[in-house]
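So, here come the structures, one by one.
Both of the next two complexes hold chain A, though its partner changes from chain B to chain C.
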Partner chain A sequence: MIKIEIDGKLVETERGSTVMDAAHKAGVYIPHFCYHKKLSIAANCRMCLVEVEKVPKPLPACATPASDGMKVHTHSELAAKAQKGVMEFLLINHPLDCPICDQGGECQLQDIAVGYGGGVSRYTEEKRVVMSKSVGELISTNEMTRCIQCTRCVRFGQEIAGVMELGMANRSEHSEIMSFVNSTVDSELSGNMIDLCPVGALTSKPFRYTARSWELSRRKSVSPHDGLGAPLAIHIKNNKVARVVPVENEDINECWISDKDRFSYEGLNSAQRLTKPMLKQDGKWLEVEWATALEYVANGLHQISGSAGAEQIAALATPHSTLEELYLLQKLLRGMGSGNIDTRTRLSDFSADGKQAGAPWLGMPIAEINQCDRFLIVGSFLRKDHPLLAQRIRQAVKNGGEANLVHSSDDDLLMPVANKAIVVPSEILNVLAQVLKALAEEKQATLSADVQQAIGKVNVADSARAIAHSLADGKHAAVLLGNFAQQHPQASQISVICEQIAFLSNAKFGYLGEAANSVGAYLADAVPFAGDGHGMNAAEMLAKPRKAYLLLNVEPELDMHDAQQAMSAMRSADMVVALSAYKHHATEYADVLLPIAPFTETSGTFINTEGRAQSFKGAVKPLGEARPAWKVLRVLGNLMDVSGFDYDSSEAVRDEALDTAQMASKLNNHISGVPLQLNSAATVADLQRVSDVPIYYADAVVRRADSLQKTHDAASPCIILHGNELQKLGVQCGDLVTVKQGDASVSLAVAMDDRLPQGVARVAAGHQATSTLGAMFGTITVERA
Partner chain B sequence: MLSEQIQQLVNRELKKYPADQKQSAVMSALRFVQDEKGWISTDDMADVADFLGMAKMAVYEVATFYHMYNLKPMGKTTLTICTNLSCTLCGAEDTVAYLKTKLGIGLGEVTADGKYGLREGECMGTCKDAPILAINNKKLCGRLTNEKIDQILAELDKS
Partner chain C sequence: MEKIRDFFKTFLLFELLKGMALTGRYMFARKITVQFPEEKTPQGFRFRGLHAQRRYANGEERCIGCKLCEAVCPALAIKIEVAEREDGTRRTTQYDIDLTKCIFCGFCEESCPVDAIVETRIFEYHGENRSDLYYTKPMLLAIGDKNETQIAKDRAADAKYR
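Here is the complex of A and B:
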């Protein structure tokens, strides 16, 4: 530690840190534009010039290393003159269009010009003009004349997003920020560039001209999308969500949010919102009063449970629902005498149910990812499923870590991947067995007899040995299971083997939670093996169709593992009650639609993948007659005469559902009693389906966010094959082919990706175009159309 | 795809740099492209980016930053006249004017037969020979007079 004096304040700072860091510690503000704590130092705006004693010229605080005994003056005559001069230069080419600029009122250039600039401009010559550009549907680059060339957006792309999509072309006065030949900015983190831009050059396209920053009221909330649970600030105008920006939390999102978190608010104001309860009578949908709708539901459920038994009633919910909603849903079901409740709608292997020691979670705090130096990522479309966790892994790899990947698809993770094994889905377990075997040999460890027996005969391939070596080499390793691994038909065995790998490499073992409340769903007991343990899981409920289904936020054709089976179960049911914020496909098969409030219109709690419970309040009033789902379920509980449904706040529900003191002990990834049974190396002639859930189709809100739906990531799904498979079929890229799975077939365009293993067909799930197909895994046939 | 010949040349350049610093060869790679094609298209930049494992935009930044890269076709022979201070003091403006009338084109333009392109350039570091022009960025001709320019063009016409 060294001591340095800033404006007379003595501060201790680390050796190697800068004057800017020290000033931050001392609580002294130095004006700046290009400096950002999370980005590399550019020192190109020169706004942070300060006076350092015994140095004849002012120095940029962001790029000057602090040294022992240094005396810095940020407000001295020299510093103030330098800052004023820089400000005058920066404003020379900056247009005076603040009255029509979206950044007005929250603009660093405005603020600093007032604080540190002169009152008048001496510049009378022509200002330069930069032509507007188009970089896609999310970021507006219409007024690039406003740019002050701080290059924060460029450095963000290079360093955080991992892909340099914007750059500074040309030289000196002609230099301007642009993308390569008008290409779009496709990063899933691109919206952060809007926050980073200190002026109004990069602004939010969906938000543009809808509000001024001083008209907005701000409410804290939590992202309902991926498992990270990023804290959000919801900005509201006229009881409507106007935009969403991040709230900083170093332990969760640092200062970023993904584009899904940022722009999906458009879905909240969608025209598809359901605003009145609806009943189907004689094949026609009627808008009815809440009381009528709820009585109808209660009567229907009473009748079915009376005549056919309560076990004929089943409930499915998405893990994007709040803890309170899930808790009340399971309480209602169990109160009626049915244990058929599940939130794991996209999973297919439930053989570990009841054998888990606790709720599957990340296995460590999110922030610890940055400290890890070895990763084994199993079955994950990492960047799209977990944009900000991927960002943390990217930083760890940049700091000398090694990432290893076992997966059925080789999408660019925008980070160096040390070793990878890209195999067909049915081979994943075998590859992991090879890694385990190689690791045991390397560590000279003895495995338990049954594991030894199961993996004894596998031949270790070089790639698996390399992965094992990489893991054994690290000090802080992490083995992480992605969504694909969790949805895999052998998910339980994959978990067991990964736990062994983690144990041998002294690694943290974790699940990357699919949704905002994947952990919360377990803790709310919204799983069939909780309670008395006699319930059907999501797959059984569909395989043995029930007479009544309660759907909470679920759109079966998009959210279920086997959309085909789900839809046939829905169609054959006597009664389907859809609790949804949207008027969706359920109009085809449901009997009642109950409008419920999305996350901005209700209070609730999400428990993110690291097991952090975050409660939030409603930011705006529910739209129309929509009501928070916990209230709807409470009334249903009362109508069904289930005891213990007398809550007067969602906090009361949460306190009953969640014992915060016990919470940490309920998070446990250990599985016992699942036997290992490796696949015999039977060659399958058919193609195996590999399904991702595209980032902007993953939940109900984002599916209806218009701007996100126009991005590259939301393009209608193709069937993607290895080049050799294309040749075998005799088709070209772009041709339409018939894709058959189960009883259904759809027509899709073909795309080629030679990074895919041969023998697989990648067909996205979660999209209307593929919603009639069957399970997310399994065989699929492709024929020329 | 970069041509076989360019790839070979770039691979030779790459040996000068650490294996994980392939982008160090970007300027040479762009130069090889220009030597072969006379100019660098954005497709070529994308090819260079792929070959060196760089972002396309990063190559674009380099190609647009340096003056000697031609970003549009500049004829078979590009004549670049220095118009910086020393050359201007020694009559570069007259040189430009003479070349403009002689070739019938303005700065940044190419003759109709595609033979000559005319460009304004930055200091080439041989101010003692001002005014200067460079032929295809490879050969410098100094102490230019109208007669000398005629002579240079006559020789170029022959080749």
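Here is the complex of A and C:
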């Protein structure tokens, strides 16, 4: 530690830190544009010039290392004169268009110009003009003339997003920020550049001209999308969500949010929003009063449970629902005498049900990812499924860590991957067994007899040995299971073997939670094996069709593991009640549509993948006659004469559902009693399907966010094959082929990706175009159209 | 002594005569009463009357929808909605002034970066019900179009003081 004096205040700071860091500690503000605490130091805006005693010229605070006994003056005559001079230079080419600039009112340049600049401009010559350019549907670059070349966006791309999509071309007065010729900014974190831009050069395209910053009121909320649960600030104008920006939390999102969190709000104002309860009578949809609709539902459920038994009633919910909603739904179902409730709609292997020691979670706090130096990532489209967790892993790898990947697809993770094994889905378990065996050999550890027996005959490939070596080498390793691994038909086997790998390499073992409330769903008992343990899981409910289905936020053709089976179950049911914020495909098979409020319009709690419960309040009033789902379920509970449904606030539901003191002990990834069985080495002639859920199709809100739907990530799905498979079929990229799975076939365009293993056909799930196909895994046939 | 002076002043109706003298002076002075509406008082170029929206010489409306007038209005009389026009410029889709709320302080005019909203010399306007005094964008533009010559002259006269 060294001592440094800033404006007469003595502060202690670490050796090697800069004057800017010390000033932050001392609580002294130094004006700056290019400096950002999460980015590297560029020192090119020169706004942070300060006077240092015994130095003849002013120095940039962001790039000057603090040294012992240094005396810094940030407001002295010399410093103020330097800052004023820099400000004048910056404003020479900056247009005076604040009145039409979206940044106006929340602009760093405006603020600092008022605070540190001169009163009038002495510059009367012509200003520089930069032509507008297009970099995609999310970021507006129409007014690049406003750019002051701080290069924060460029550094963000290189350092945080992992890909340099914006760069600075040309020199001096001609320098411009631009993307590569004709390319767009496609990073899943690109929206953060809007926040980073200290001027109005990069602004939000969907938000463009909709509001001025002073008209917006700000409410805190939590992201309902991926498992991270990023804290959000919802900006509201006229009882409508106008935009979403991040709230800083060093333990969760640092200061970033993904584009999915940022731009999905457009889905909340979608024209597809359901605003009145609707009933289907004689094949026609009627808008009815809440009382009528709820009574209809209660009567229908009473009849079915009376005539066919309560176990004929099933409930499906997405893990994007709040803890309160899920808790009440399971309480309602169990109160009626049925245990058929599940939220794990995209999972297929339920053999570990009831054998888990607790709710599957990340296995460590999110912030701990940065401390890990070895990663084994199993089955994850990491960047698209968990944009910000991927960012943390990227930082850890940059700091000397090593990432290892076992997966069926080799998408660019935008970070160096030390070792990888890219195999067909049915081989994943075997590869993991190889890693385990190699690890056991390397560590000279003895495995339990049954595991030893199961992996005894495995031949260890070089790639698996390399992964094992990498893991054994580290001090803080982590074994992380992605969405793909959890959706895999052998998910519980994969979990068991990964737990063993983690144990041997002394690693943290965790699941990357698919949705905002994946952990919360377990803690709310919205799983069939909770309670008395007699319930059907998501797969059984569809395999043995029930007479009545309650759907909470679920769109069966898009959210279920086997869309085909789900739809046939829905069509054969006597009664389908869809609680949804949207008028979706359910109009075809449902009998009642109940409009419920999405996350901005209801209070609730999400428990993110690290087991952090975050409660939030409604930010705006529910649209039309939509109501928070917890209220709907509460009234339904009363109508069904289920006892204990007299809540008067969502907090009361939460307090009953969640024992915060006990929560930490309920998070446990340990699985016992699932015997390890490896596949026989039978080769499959057909192609094996690999399904990702594209980032902008993952949940109901984001599916309806217009701008996100125009991005590359939301392009209509095609079937992606290895080049050799294309040759075998005799088709070219872009040709239409017939894709058959189960008894359905669809026509899709072919794309080539030589990074896929041979024998794999990658077809995205969660999209209307592929929703008639069957399970997300399994064999698939491709024929020339 | 004081008491004696008071007694004589009261007894001789001194105060009354003093008041009557003032009345008498005005009886013979020049009258300032104006026979409205045949006659009108002179107005300064800063007169703050009915609002108007101006256009540029090429017919393009000036207002860019920055909403500074809406923000500064102490009576919350202005309501603005903005959208991007087809040519990509920022324009108002709604610009209303509720004249029943307006206190004619002139802040809107002062805050306007493009001299779009101005207060004219017009003060003789009326409405038969409240809604007549709710002025919308076309109405304000029409007032501006009709009185542009006078408005421009007044702004020019005021320019050197700004």
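The rule is simple: the second predicted complex is superposed on the first by the 785 of 785 C-alpha atoms of A that agree within 3 Å, B and C clash if a C-alpha of one lies under 4 Å from a C-alpha of the other, contacts with A are read in each partner's own complex, and residues count from 1 in each chain.
The rule is short, and it goes like this: contacts are C-beta pairs under 8 Å (C-beta built on N, C-alpha and C of every residue); 3 or more make two chains touch, one makes a residue touch a chain.
Note that the structure is a prediction, hence the values are computed from the model and not measured.
With the two structures aligned on chain A, chain B fits next to chain C without clashing. Once the two complexes are overlaid on the shared chain, A:179 sits against chain B while remaining clear of chain C. Looking at the shared chain after the overlay, A:104 reaches chain C, while chain B stays out of its contact range. Once chain A of one complex is fitted onto chain A of the other, the partner contacts of A:215 are limited to chain C, with no touch recorded for chain B. Vectors from the Cα centre of chain A to those of chain B and chain C enclose 80° in the overlay, to the nearest 10. In the superposition on chain A, A:95 makes contact with neither chain B nor chain C. In the superposition on chain A, A:531 makes contact with neither chain B nor chain C.
In the overlay built on the shared chain, the residue A:365 is in contact with neither chain B nor chain C. With the two structures overlaid on their shared chain A, chain B and chain C come no closer than 28 Å at the level of C-alpha atoms.
The residues of chain A shared by its contacts with chain B and with chain C come to none at all. Taken in their complex, chain A has these residues touching chain B: 158, 163-171, 179-181, 183.
Considering their complex, residues 42, 45-46, 55-58, 60-61, 64-67 of chain B touch chain A.
Of all residues in chain C, those touching chain A in their complex are 64-68, 71, 82-84, 88-90, 113-114. Only residues 98-100, 104, 142, 208-210, 212, 214-215 of chain A touch chain C when the two sit together in their complex.
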